[in-house]
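Going by the order they are written in, the chains are A, B, C and D; count residues from 1 in each one.
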Amino acid sequence: MRLPDKRCAIEAAIARIKDGATVMVGGFGVPGTPMTLIRALVAHGACDLTLIKNDANEPGMGIDHLLQSGQVKRLITTHLGLNSHAIGLMNSGALEVEFNAQGILAERIRAGGAGIGAILSDIGIDTELARGKQVVEMHGTPYLAEPALRADVALIHADTADPFGNLAYVATAQNFNPLMAMAAPLVIAEAERVVPLGALDPNAVHTPGVFVDHVAELTEITEDYAVVRR
Amino acid sequence: MVARAAREIAPGMVVNLGIGLPTKVVNHLPADFPVCLHTENGMTGIGPALTPERADRNLIDAGGAYVTPVPGSAYFDSATSFAVVRSGRLDLTMLGAFEVSQTGDLANWKIPGKFSPGAGGGIELAQKARRIAVLTTHTDRAGNPKLKQTCTLPLSASACVARIFTDLAVIDVTPTGFALVEHAAGTSIEDVTKATDAPLTIPDAPIPTF
Amino acid sequence: MRLPDKRCAIEAAIARIKDGATVMVGGFGVPGTPMTLIRALVAHGACDLTLIKNDANEPGMGIDHLLQSGQVKRLITTHLGLNSHAIGLMNSGALEVEFNAQGILAERIRAGGAGIGAILSDIGIDTELARGKQVVEMHGTPYLAEPALRADVALIHADTADPFGNLAYVATAQNFNPLMAMAAPLVIAEAERVVPLGALDPNAVHTPGVFVDHVAELTEITEDYAVVRR
Amino acid sequence: MVARAAREIAPGMVVNLGIGLPTKVVNHLPADFPVCLHTENGMTGIGPALTPERADRNLIDAGGAYVTPVPGSAYFDSATSFAVVRSGRLDLTMLGAFEVSQTGDLANWKIPGKFSPGAGGGIELAQKARRIAVLTTHTDRAGNPKLKQTCTLPLSASACVARIFTDLAVIDVTPTGFALVEHAAGTSIEDVTKATDAPLTIPDAPIPTF
């Protein structure tokens, strides 16, 4: 037995994304944001997208390119504080935004990846974030039902990958990537390095390749990934 | 029958082989066959089993057998392991059975009053793998048919089984019940019908043997 | 700033376990079972315990010592197939047993560690495992509410630890350990090796030390941990 | 006030310092102080911040500042990061505020019509840390009190704040409302009372200054 090889050209993988798709995008700020896959999705042009991402990056960076190109209809996120352009689109009605508490967005995505229907949580139960949510009482305590989130596609940035799609992340570039890499039937990972099968310590794998469909080695770590000088 | 079941595994699949007969399927796969074997206790990329003398004390499969990794194996926790199963990443599981009904109900974990060690991971495998195949003797030790109109034992999952491999035949569960796909060399179609406690559709076309 | 040192003698840590406590115990078979902590709990003698563990090990091994000594009132588990002694205690009524589907036990413990109230799952919904469980309908689909599990104490076996309690596991000794290490207010970890702060790669940590209260280096890898010759 | 707030951190604590003023608290901790700093984007063991020239492009805190690890740091995913918060492992968080009510309600994430970037991780920190301290100017830029009888802005969490550090005073939220603990050197008790839009209990004992 040998593990299947999932290496793939980025353009071919991204070409599978259809108009109207829901797309999860890893990253918290720059670290972990799959900048090259995002650029390829801009070039591909799929539109009416729903994006699920912790934040909207900053103006002119990361998924802001997809907002600029008008490909995004809806954004499920936690915080847009560093992207005034995204806030402008939201305020003008050009972009529909659903805000989640950050850890609840993480858990909803994880629930999607874990194949469970929802989690029951009391986060935000006293706040306006509870509006419109189903309340479930358990042993006399009220909880909000937070439905699992899955996407059609997940775009992932890893530090190291192997051809089977086992992924390892570094530092705070981990964030939402391991969660999103489980929560879509089509998972596309870019990696700064693709090493031969067996070169990744099986104990150091963050995302088992069993969840990953396509893996592509970045030919260049562009300025998109660099330290931001504000 | 085990060799025949092994041909059910298509290149590139993610497969979980249940304890007992199904585990032996791996011995019938070519050395370079592209497949990912998963085990519930937290591993993908299982290689051949090992004798205790050569075993790693920290590396077992869900049945407790000592196994080896292959290049590209990964280890993970039990929650992640069942995330693989429940989220649809498990293409195929092969399970043992006490009973299978003609609607694909599977009973394989409990015989009330006699055998109730707990369900382990079997419920989730039976309910959530994308395709469930059963690998079992056609009848139990007393000669009673395991393929029945309805299950009498507690279910693992309802309407889950797609195909059954036995020592006598390969049988599909179809919307109209059991259908013969192949029969064992040296076994007549009548033998199969007699050992099956439910109607068995026999296609008009010639039935291959295995 | 420096991270606190949580190294501790095993006896002192185990002495904190009270009669009637609920105790999670890592491990799936031998790998990952904290054999030395279990021996210390037998010596300590706390009784009326509720144990939460995937399996009951095998006769004369692991938590079977706690069953033999009569310290266990109740066991929440998934499968006792390899321990005929435990099945005998269950059948005679001397041991109360609650069975969970394996992945649901894992998720309930994880939910406890994640501070959420429950998960909604359809696992076992057509089976007798659904009996007595609260059914919650969401968007027209029925789910079982599977309440989070927490314990008073979690006993963990790790391969490598540092003094802050960061833990790394090897091979299939990971299993329930990282989940249980989040799900109790008192987490005691034994480790085959305790390395200095900074010697564990921060990317290779499986359980962040922030969840761990006490860490002890094993002075001996006893026969309890060895390959089982059945 | 930042130096005073730093003294709130006891040895051995796990602490999350919110964006803005609270982040500066770290500069007032001794180099060998035993504490574990947590940040929402997935790290424990935060060391000093770095200038862009020396920064690691993959290592930021939740506010986007480039930080360093300390010996024993760990990185983890966003679900695990909030598991730390919700499961009771976060001993203390220090947060900024728009408004704090005398019952400990906190509003710090939204000003309808003016500022609504989303709650980020603030809701969970405010609701689930074992102790919530607020670090804020006593009044807003227009001179309006931030400590009020009731909050007018959308809440982050109700009845969560234990202690408030401002440029004028240290104030506890007690079952009977705000109570003065300390006041700033050069600020009179009357100044504090005047700048607070709710009754302020003044203990009989001498009030320390900071």
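We adopt the following convention: contacts are C-beta pairs under 8 Å (C-beta built on N, C-alpha and C of every residue); 3 or more make two chains touch, one makes a residue touch a chain.
Owing to the predicted nature of the structure, the values given are computational and were not obtained by experimental measurement.
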item: Chains contacting each of chain C and chain D, listed by label; value: A
item: Greatest separation from chain C - chain, by CA centre; value: D
item: Distance from the mean Cα position of chain C to that of chain A, given in whole angstrom; value: 31
item: Separation of mean Cα positions, chain D and chain A [Å, integer]; value: 29
item: Inter-chain centre distance, chain A versus chain B - centres from mean C-alpha coordinates, in Å; value: 35
item: Numbers and ranges of chain A residues touching at least 2 other chains; value: 107, 114, 116, 122, 169-171, 174, 202-203
item: Residue numbers of chain D (touch at least two other chains); value: 69, 75-76, 79, 82-83, 85-86, 128
item: Full enumeration of touching chain pairs; value: A-B, A-C, A-D, B-C, C-D
item: Interface residues, chain A side, partner chain D - complex; value: 28-32, 54, 77-82, 87, 97, 99, 101-107, 109-110, 122-124, 126-129, 159, 169-179, 206, 225-230
item: Chain A contact footprint on chain B (complex, rising order); value: 11-12, 14, 26, 29, 31-38, 44-45, 47, 69-76, 79-80, 82-89, 128
item: Complex contact set, residues of chain A against chain C; value: 107, 111, 114, 116-122, 134, 136, 138-139, 141, 143, 145, 147, 168-171, 174, 201-204
item: Of chain B, residues touching chain C in the complex; value: 39-43, 52, 55-62, 64, 66, 69, 75-79, 81-83, 85-86, 116-121, 123-124, 127-128, 154-158
item: In the complex, chain C residues that touch chain D; value: 1-5, 112-116, 162-164, 166, 182-183, 185, 196-198, 200, 202-203, 205, 208-211
